[in-house]
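Supplied in structure tokens, the structure appears directly below.
Should a chain be cited, it is by its letter among A, B, C and D, assigned in written order, with residues numbered from 1 in that chain.
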Amino acid sequence: MALTATEVQALIREWVPMAEDIDLRVEEIRPSYARVCVPFREQNLRPGGSISGPVMMAAGDTAMYAAILGRLGHVAMAVTSNLNINFMQRPGQADLLAEATILKMGKRIAFCEVGVTSRGSDELVAHVTGSYSLPPSDKKTGG
Amino acid sequence: MALTATEVQALIREWVPMAEDIDLRVEEIRPSYARVCVPFREQNLRPGGSISGPVMMAAGDTAMYAAILGRLGHVAMAVTSNLNINFMQRPGQADLLAEATILKMGKRIAFCEVGVTSRGSDELVAHVTGSYSLPPSDKKTGG
Amino acid sequence: MALTATEVQALIREWVPMAEDIDLRVEEIRPSYARVCVPFREQNLRPGGSISGPVMMAAGDTAMYAAILGRLGHVAMAVTSNLNINFMQRPGQADLLAEATILKMGKRIAFCEVGVTSRGSDELVAHVTGSYSLPPSDKKTGG
Amino acid sequence: MALTATEVQALIREWVPMAEDIDLRVEEIRPSYARVCVPFREQNLRPGGSISGPVMMAAGDTAMYAAILGRLGHVAMAVTSNLNINFMQRPGQADLLAEATILKMGKRIAFCEVGVTSRGSDELVAHVTGSYSLPPSDKKTGG
């Protein structure tokens, strides 16, 4: 039932239209883990060269969604319930990476955390925690 | 020093490129208040007709930024420090409205809350709180 | 089914033992609203005279619980799911008030916000949002 | 300048009076890490045997404070700025442990995360993130 990074990316681009706008890519799926990338592009930048907050939030949210899809398979009905983000420093002029880990997978709710970094650096630029509401199990498997 | 809705919209579209992607509009600025709108468009929708989470987060974040700009004037260096969002129900197939109120304007930090609704309905679809880090006062006024 | 402030206070002191430690009182219950008070006492203070963070969080959490009890009646099984608090300034040397409003009462989850002030002042010292997970409706009414 | 667990515990009990009420202990301090314990005691329990939310929040908050004190030495003026907690499951009838890690130590603000577990189990019962506002560096060292 687990999905590959390519399959998860296709689902995310279908379910989160903004992911298309920012050319979001799913780079890796492992058990309880996903890494997504927002490629460095001029049009995502604020003047001065920093990536804006909404791009980082979109990356964090979709990284959590990717980790859940990688674990549960097609869960089109999963929806974010709560998301909290701390912005720690300005991202560099580099690809933005968001690495999500599942903290707890319950029956009705999944909790995740996400570290956001600039490619090539270990320092966090933002940190996200969130919960996803899961559909009842008989609706979890899509076509 | 206060700015009009038109001026705030121009600044937001310059500083938050994603605002352009979703055609975000600043509808009203009053003291300590701003209302922004994401017009209903097919390309912002998830399959099934719901607006995706990142669009709601972008609306909430920019509504807070608009309220601060409306109060302080050009504060290009203000950056979101923390944002927390609770998603309460699926938005309707209508314009998305985000109404931000400044809870406290300190010297170094501003706190806001945002109610997100579908136009024509009073029920919250999401609720946002956030803090913005403000630049030192000698840097607050831009060109 | 609605409960009085006295009844809600008795339930809270039973369910949240820390409420007893800080002498928490339920002052008012109205539809979708509750106000609780932590009386000013030397032993709740940090050196320098400020009320510590955990006291403010306990007040915020129990105010939300009080608003839900006031609305639903005996809901002993309701549990906090997420709580977010922004600390805005040091509280004064006065009673601490926490006023909770229900933002949305769903079937499975209730969302609230809480303004925390020092008695005699309108300025927020802290602001809380939170969600409560509700028991299935056949378990909602206690003895 | 780093402090021992015993020294940190004494400072926390002075600065957070509620820590005394729940008999909070600082078990270990390592660079960028602290573990605190709330011993299992009947009087911290809700009916049914679960530890109430405010006790878990107090443990999370003080664990962050302990990690910062362990890193910076006497920082009496550090104050919590934002705290977000997700409650994941009912704690067991056992000591409650809160393990804080510093995510980023900036000049003006420190970001932490905390995993809360029941002693003897690896499963998270709650997860906390928070930010602490730090005093200017010339005020950081107390007596």
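To be clear about the criterion, contacts are C-beta pairs under 8 Å (C-beta built on N, C-alpha and C of every residue); 3 or more make two chains touch, one makes a residue touch a chain.
Just so you know, these numbers come straight off a predicted model, no measurement behind them.
With centres defined by CA atoms alone, the chain at the far end from chain C is A. Of the two chain pairs examined here, B-D and A-D, the one linked by more C-beta pairs in contact is A-D. Chain geometry summary: the mean Cα position of chain C and that of chain D are 22 Å apart.
A straight line joining the Cα centres of chain A and chain D is 29 Å long. Separation between the centroids of chain B and chain D, computed from CA atoms only, is 33 Å. Counting partner chains per residue, chain A has residues 81-82, 84, 86, 131 touching two or more of them.
Taken together, the chain B residues at the contact with chain D in this complex read 81-82, 84, 131. Residue ranges on chain B touching chain C, taken from their complex, read 82, 84, 86, 88-89, 103-104, 106, 111, 113, 123-124, 127, 129, 131.
Those residues of chain D lying in contact with chain C across their complex are 14-19, 21-22, 43-47, 52-55, 57-58, 61-62, 76, 79-87, 90.
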